[in-house]
Amino acid sequence: MALKTPEEFVQSLADLDLEIYLFGEKVDDYVNHPLIRPSINCIAMTYELARKPEFEGLMLATSHLTGKKVNRFAHIHQSTEDLVKKVKMQRLLGQKTGSCFQRCVGMDAINALYSVTYEIDQARGSDYHERFKSYVRFLQDEDLVADGAMTDPKGDRGLPPSQQTDPDLFLHIVERRDDGIVVRGAKAHQTGACNSHEIIVMPTQAMREGDEDYAVSFSIPANAPGVFYIYGRQSCDTRKIEENELDVGNAQYGGQEALMIFDNVFVPWDRVYMAGEIEFSGALVERFAGFHRQSYGGCKSGVGDVLIGAAALAADYNGVAKASHIKDKLVEMNHLNETLFACGVACSAEGVRMPAGNYQIDMLLANVCKQNVTRFPYEIARLAEDIAGGLMVTMPSAQDLFGEKTGPWVEKFLLAQCDTPTVDRLRVLRLVENLTIGAGAVGYRTESMHGAGSPQAQRIMIARQANMQHKKDLAKEIAGIGRPVEAQKDKLRKPTSVK
Amino acid sequence: MALKTPEEFVQSLADLDLEIYLFGEKVDDYVNHPLIRPSINCIAMTYELARKPEFEGLMLATSHLTGKKVNRFAHIHQSTEDLVKKVKMQRLLGQKTGSCFQRCVGMDAINALYSVTYEIDQARGSDYHERFKSYVRFLQDEDLVADGAMTDPKGDRGLPPSQQTDPDLFLHIVERRDDGIVVRGAKAHQTGACNSHEIIVMPTQAMREGDEDYAVSFSIPANAPGVFYIYGRQSCDTRKIEENELDVGNAQYGGQEALMIFDNVFVPWDRVYMAGEIEFSGALVERFAGFHRQSYGGCKSGVGDVLIGAAALAADYNGVAKASHIKDKLVEMNHLNETLFACGVACSAEGVRMPAGNYQIDMLLANVCKQNVTRFPYEIARLAEDIAGGLMVTMPSAQDLFGEKTGPWVEKFLLAQCDTPTVDRLRVLRLVENLTIGAGAVGYRTESMHGAGSPQAQRIMIARQANMQHKKDLAKEIAGIGRPVEAQKDKLRKPTSVK
Amino acid sequence: MALKTPEEFVQSLADLDLEIYLFGEKVDDYVNHPLIRPSINCIAMTYELARKPEFEGLMLATSHLTGKKVNRFAHIHQSTEDLVKKVKMQRLLGQKTGSCFQRCVGMDAINALYSVTYEIDQARGSDYHERFKSYVRFLQDEDLVADGAMTDPKGDRGLPPSQQTDPDLFLHIVERRDDGIVVRGAKAHQTGACNSHEIIVMPTQAMREGDEDYAVSFSIPANAPGVFYIYGRQSCDTRKIEENELDVGNAQYGGQEALMIFDNVFVPWDRVYMAGEIEFSGALVERFAGFHRQSYGGCKSGVGDVLIGAAALAADYNGVAKASHIKDKLVEMNHLNETLFACGVACSAEGVRMPAGNYQIDMLLANVCKQNVTRFPYEIARLAEDIAGGLMVTMPSAQDLFGEKTGPWVEKFLLAQCDTPTVDRLRVLRLVENLTIGAGAVGYRTESMHGAGSPQAQRIMIARQANMQHKKDLAKEIAGIGRPVEAQKDKLRKPTSVK
Amino acid sequence: MALKTPEEFVQSLADLDLEIYLFGEKVDDYVNHPLIRPSINCIAMTYELARKPEFEGLMLATSHLTGKKVNRFAHIHQSTEDLVKKVKMQRLLGQKTGSCFQRCVGMDAINALYSVTYEIDQARGSDYHERFKSYVRFLQDEDLVADGAMTDPKGDRGLPPSQQTDPDLFLHIVERRDDGIVVRGAKAHQTGACNSHEIIVMPTQAMREGDEDYAVSFSIPANAPGVFYIYGRQSCDTRKIEENELDVGNAQYGGQEALMIFDNVFVPWDRVYMAGEIEFSGALVERFAGFHRQSYGGCKSGVGDVLIGAAALAADYNGVAKASHIKDKLVEMNHLNETLFACGVACSAEGVRMPAGNYQIDMLLANVCKQNVTRFPYEIARLAEDIAGGLMVTMPSAQDLFGEKTGPWVEKFLLAQCDTPTVDRLRVLRLVENLTIGAGAVGYRTESMHGAGSPQAQRIMIARQANMQHKKDLAKEIAGIGRPVEAQKDKLRKPTSVK
């Protein structure tokens, strides 16, 4: 089957007839809902660019399963070059959408599951890996979007899943049948849940004995019976449903998160990839998180490019582009943004081949990458607000710009300091607003903080991966720790102690 | 006249019948408009606390003009103790409103004008100071709110006011009459413009020869003919006009900025405090800015207290309050917040008596204070987002929390990890959202950046105030610069050079 | 008795015939030892400035015990004005010495003990306070330097003093006699130990039951039998004993630390101020630390002034003073340095009167002050190194500058870019080196980190002092926590949960 | 010829009989001078590791000129893999020496000259490239160390080389002869100058018309007539010549910088690689700097490993390793250190093939790498000082540790909190001291700041490389800049302006 056009993608999404709730009510024509559509446009962009020859190298890959060209989002990485290209594809999409484009979660899920299912089979003699390969082939052949679903509501952080007062606070198997399993629970903060064809579920943490029913991974169609979605609110979300687009800042693209609920959902065995193998749940979480932490080195630097460009434009339109402090702040923004990208590239270039044959990022550097992502976008945003000036948060509405009484006055006093029309000055300030304290800030700031794991999660991984013993040994050798004092040039006597 | 009650204040504001435009249309009953009212509530709080005995020491002061107790916002500082109390009053109000409460601008304006009018009179033999004292007495006696208006649209930053293509880009005198002056122009980013009784206008920068008509300062009633307001948009502003208050985060209080337009406004001479004295325009700007930079050490640390408290509550409700990294982040937030307060206190305690008899803050430390304000609230906000968790930006709307289908599921999965109802967990997350990427972020972040002058303005002042020559002399003395080489212990010979 | 001249001070110090070990040997004429003398010069400066009329306001205070003018270092603070003056005196001395001047420890010790002895007496009916007042009067009348000694070696951090394998790892009472006590142990890192007339010992931490012998405070002459000192090494210390002074950077002044050993030292009862009152040991530590954390807002900003001046001179001599990035870095250095000073002033201005009648700093702000001191000098130093340029660490020795063969070449190639002789360019670079990676860095960096308690100690205090409950209450009020849902405008129904 | 043993290297260096001045006198047996030898040991380590099979992959490369295995330091990079291996080799050597190991400058010089000489020949028809290839083959075949010399004294920064009052302030051709050229001038801050066999000279900046004699590049033996060296002082340098090694911290290894003087030095034509081609001088500087900025991502992260290990050991020996804040600081140090490494890897992995066939790093990312190096080692050092504790700068000398009177007391009070002898606790603290404020800090801090160009140099390159126009275009597209207002959904009318 050929790669879908963006229009075909949107139609296929509409055909699913998903059960989505927004502001307390079920949304009917969600692909045309003005608050939801911008997030669908992001995914559509992943289809659009895949069909453009100039981006083929980044957007497409040759499937190791079929030998066909497939969208890289459905590809299993076969080399470090693939890993680097993934990051560059993500930067490209961040640049084109100025937003979280939401399709990475599924890509990172299939790449994590690919090696974990292989290793479960090696250890347990199961056949998860073959099932899973079939599923990946299906995604590739049908050119589908899969969402990866990991984060459970978790309830009391001090208790294991099976000890919670409500057993559903972690998604779990409630019934094992001959033909499949029945699951119950929820996945929270699901980026892109409502614009995916498929949902891939994974456990949220390493599971221990007694929590076998919670060590579960599977895939389902997004419209499987019992599945429904409660759409999350974003800062300034309702600007998208206002009459005009100027005040939105980024009118075409946006992010999306939902609370996804599984009310006794049936999953046939051939779509189950883990069902009780607690000893592999930790590896699955770590690998998915690792891939996703790499991702942020790409997508966030792409969005960063847009914000840097917007700040530079704002400086132009404000008439201050030549001030040395403005130029220096733009350098700093670029410096920080490229550091994120560098970390994304580095963990990719240092990737390793897994037993299953696919390639995985360097775990330490991927966590370092994400840890920087929890910091630098905030500073880039701060600098953008500095450059943009106060008008960003005090300027009148679009209605005032075009109002009979107010319009001429707004035009008179807020004119841009160049040939650009005033309306464009306001547009770019609205874009900076969008990315720093508006709807886009959800993706650029908060998601940078918590997506793919909160900062502390990376610190734990860095602590684990840093090989402190090796570093201590290096220091011991240089400091001469343990070297006999007699061996010193001066033959000093051994110290004794006073009691 | 007695101190107004909050209700009397609101009524007096309604009586003004201000001409305010919002979303392109004139607002009729603005004191009851749900989008505007929260900002009016902030000012009302300055009246409410002034009547509470427990806050009398901070909220009231004894007028040096009348000997009566007056609201400190209308007081001319008579001591460093007054200056310190000002900062503490501002912290208190920040704590009570969790918002910019908008009444400081006028206070800082009258204190700057007090000394500058005195000095103009000393130099020029004019009688501005007496006029101005009468005006201050009027504000005190009538218990009125004055707004200070300084920032002009400015147009091309490289040109002086009189050389702009449109002469109105800086507010200026268009006619000098026997009974007064006529002015034209605009003031942008006017915090609290639409909830003040009076407007005090000041020039926006030091003026040079040729720009005499732009060196103008005066006061007018907020409803003077020819004055009207275009209300600025804020992030998430329309949540305030949604049906329920949960999603607002801070439903009672909020900030306000407007573009204030002066379409040929008449000002009688007894309300004019500068009209051409260009050599004093710079001092007026610096002093107003200095006082206002002090202010931020108070108000922003008060709002910081609310955000720190909200983050701590979020940690409680999320069930993670005991994690060492959470506790450490709260320490850091407090540390940064108290540093801001310390700078506000220090520039006050180091205040100096002016020739006019009033007290002014230490200029260097006030600029240092504000410079920190352009940084630390951003980091405090970042840490608050870290502690709050991703739910802050992915949680469903209030309608979903209470929806027939969705409500029980939201309740089930998002329950707070303590006796607190789930709705309260969402409330506190909405408050963190409000202050970090919502309507409150306009005041807590962007205003911290640009209010009272953008960061670079403080850097210029720090450079000017830092007395580098003294520091160089200290270093010279210690390094022995210029000390004859012969004077060295070793009597080393003087160096020569090879050609 | 009149205030001592610097020369009288040095002679009085020499007369003590202290037992000091350096490089494994007892030092005979320590006041003239080139490695030690610079630290003595610092104390001498506290005598010299005290006799200069222009500094009288800062350097002298009126004793509340005798009504006489005394050196402020021996004064008990009687007002917040005294507290502020203390900080300014410290900044002055930092500016004059470019070094830790070592006399603050004793000043902070007497001010802490003053209120604690009073409170012990109130609780226990003892007479420590009168004894201690006599002692302070003695210090004032004789114009003496006292060192404050707090830090024990501590051994195993997980065990209380009395449980250590070696009981001496915390200084303790080994015998209680009719005429006094005998103590044993050591105090480490003792700043200024070898240039003080008197030593005031305090416990190192809050003591618990069983550790009564460790809750001990007393004073002794620095040459008491059984007391001796092992002098600590500093970076570049031996440059002071090289033949010429150029390479020292700061040839006149420097810091000093020693390991002070108490080998069964007798203390008469009238010099004992705590002997077993474990419940007051914590307060003593906190108050001393609080005063000392205030101190750093003064002294380190004074040294910072010297480093800023040196960096500015280096920029002049390097010929790069006009570069915008250089100017901006100097602004940043000043900004950070003034923030430290502001914190020192603020905790002083917010000081409180203690039951004993003396004034104590605001504990929260004093800890905030010191926490900033653990950070900003490092950044100021980094910026100074940036401005100074690489020559700071690659330039030849003084001998090369004056060498027969090398001198003319060094002169030729390293000439300063102004009228200043090349030797002065090198002098100022050596001063920057001294303060950033040389002997002065011990005081400016490491002491800023660990003096008056390591960073974590301040964080613990900030956590304790921050009144989180109040902040949570503020947030609750604004977020509407606990407000009945029915009270909302929309009368939304109460949420229920799905099982 | 086979790879030299470390001993053979030292002998070959001794055989050169270099003219080195130290403390004003010529050094005779420099390879055995205790102050110089540690820096020679660093180079010796590059020979030692090259002969160990386990490091062969990193330390050796296959020469594209001869097909033989050569030391990678003399290799011309043939692939991005080579570039990545270079960074890893540098990290390894940083780990083994805990110091700047000084051999990178020559490696980066030959790789920059390789492509530039090729491009000069293409443009000018000269034969520099062949000459240069012969020279590289010579270095490889003879297994020699070359130093790269770039930085001139520069004099007045505002004047071009030929306009300086002293023409020698930039190294230049003073005579062009048939058999070669005669040059005069100096190169400052020359890392590793006195332990290299060969010196490769390059211009210090882009040259303009009139400065042809300054656009000169060539190589000479380190002992060429007219060349001599004035050895630079480092913090704590003389500890290396004290009687015992404990107080040195890193007794085996250290850095070295010298002022290298060219007093009319003859260079035969076959060793000249640029002589007047001003239009290529800028490219040579940029490429050398680019390679050298990459280098710092390797070597400094290697030294960082040692410092992290030392801090961790100090925590162990201090008995505080389990404190959560200590563990978190170690995580932070690792995080920052790995970010440096990631940037080094990224600019390598993104390397590009040059027309000459060799590979060059990505210029933007290499500059980003170095810019981080000007910051993070400072913060890592600060954290190390925090963990190490104050004892690092107050502990007694080695002589005191072993002194008859003092030894037992030092031993008693400073004992390590583990099975490790106290002497080892002191050793590791001395190592931390060495790297943070001692001799090692010259390499780890100041060189990180200024080596390979000061921070501002990287900012200029980042500004140039960041492609701001592309970023502005991205922002324009998303903000809808220039989109006709009519095209908006609401068909709002075009704004007009009031006059």
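By letter and in written order, the chains are A, B, C and D; residue numbering begins at 1 in each of them.
One rule holds for everything that comes next: a residue touches a chain if its C-beta (ideal position, glycine included) is under 8 Å from a C-beta of that chain, and two chains touch if they have at least 3 such contacts.
This is a predicted model, so every value here is computed, not measured.
Sharing over half of its contact pairs with A-C by residue number, the repeated interface among C-D, A-D or B-D is B-D. Among the remaining chains, the Cα-based centre furthest from that of chain A is the centre of C.
Centre-to-centre, using mean CA coordinates, chain B is 37 Å away from chain C.
Within chain C, residues 166, 325, 328, 402, 409-410, 412, 415, 459, 499 each touch two or more of the remaining chains. Against chain A, the residues of chain D that register as touching in their complex are 84, 95-98, 243-246, 249-253, 305-310, 312-313, 316, 327-328, 330-331, 334-335, 338-339, 341-343, 345-350, 364-365, 368-369, 371-372, 398, 401-402, 407-412, 415, 420-424, 427-428, 430-431, 459, 462-463, 466, 468, 470-482, 485, 488-490, 492-493, 495-499. Those residues of chain D lying in contact with chain B across their complex are 166, 324-325, 328, 499. The residues of chain A lying in touch with chain B in their complex are 21-26, 151, 153, 155-158, 166, 168-169, 186, 188-189, 230-236, 238-239, 242, 247, 257-259, 261, 318-320, 323, 325, 374-375, 378-379, 382, 385-386, 389-397, 399-400, 402-407, 409-410, 412-415, 417, 433, 437-438, 441-442, 445-447, 449-451, 454-456, 459.
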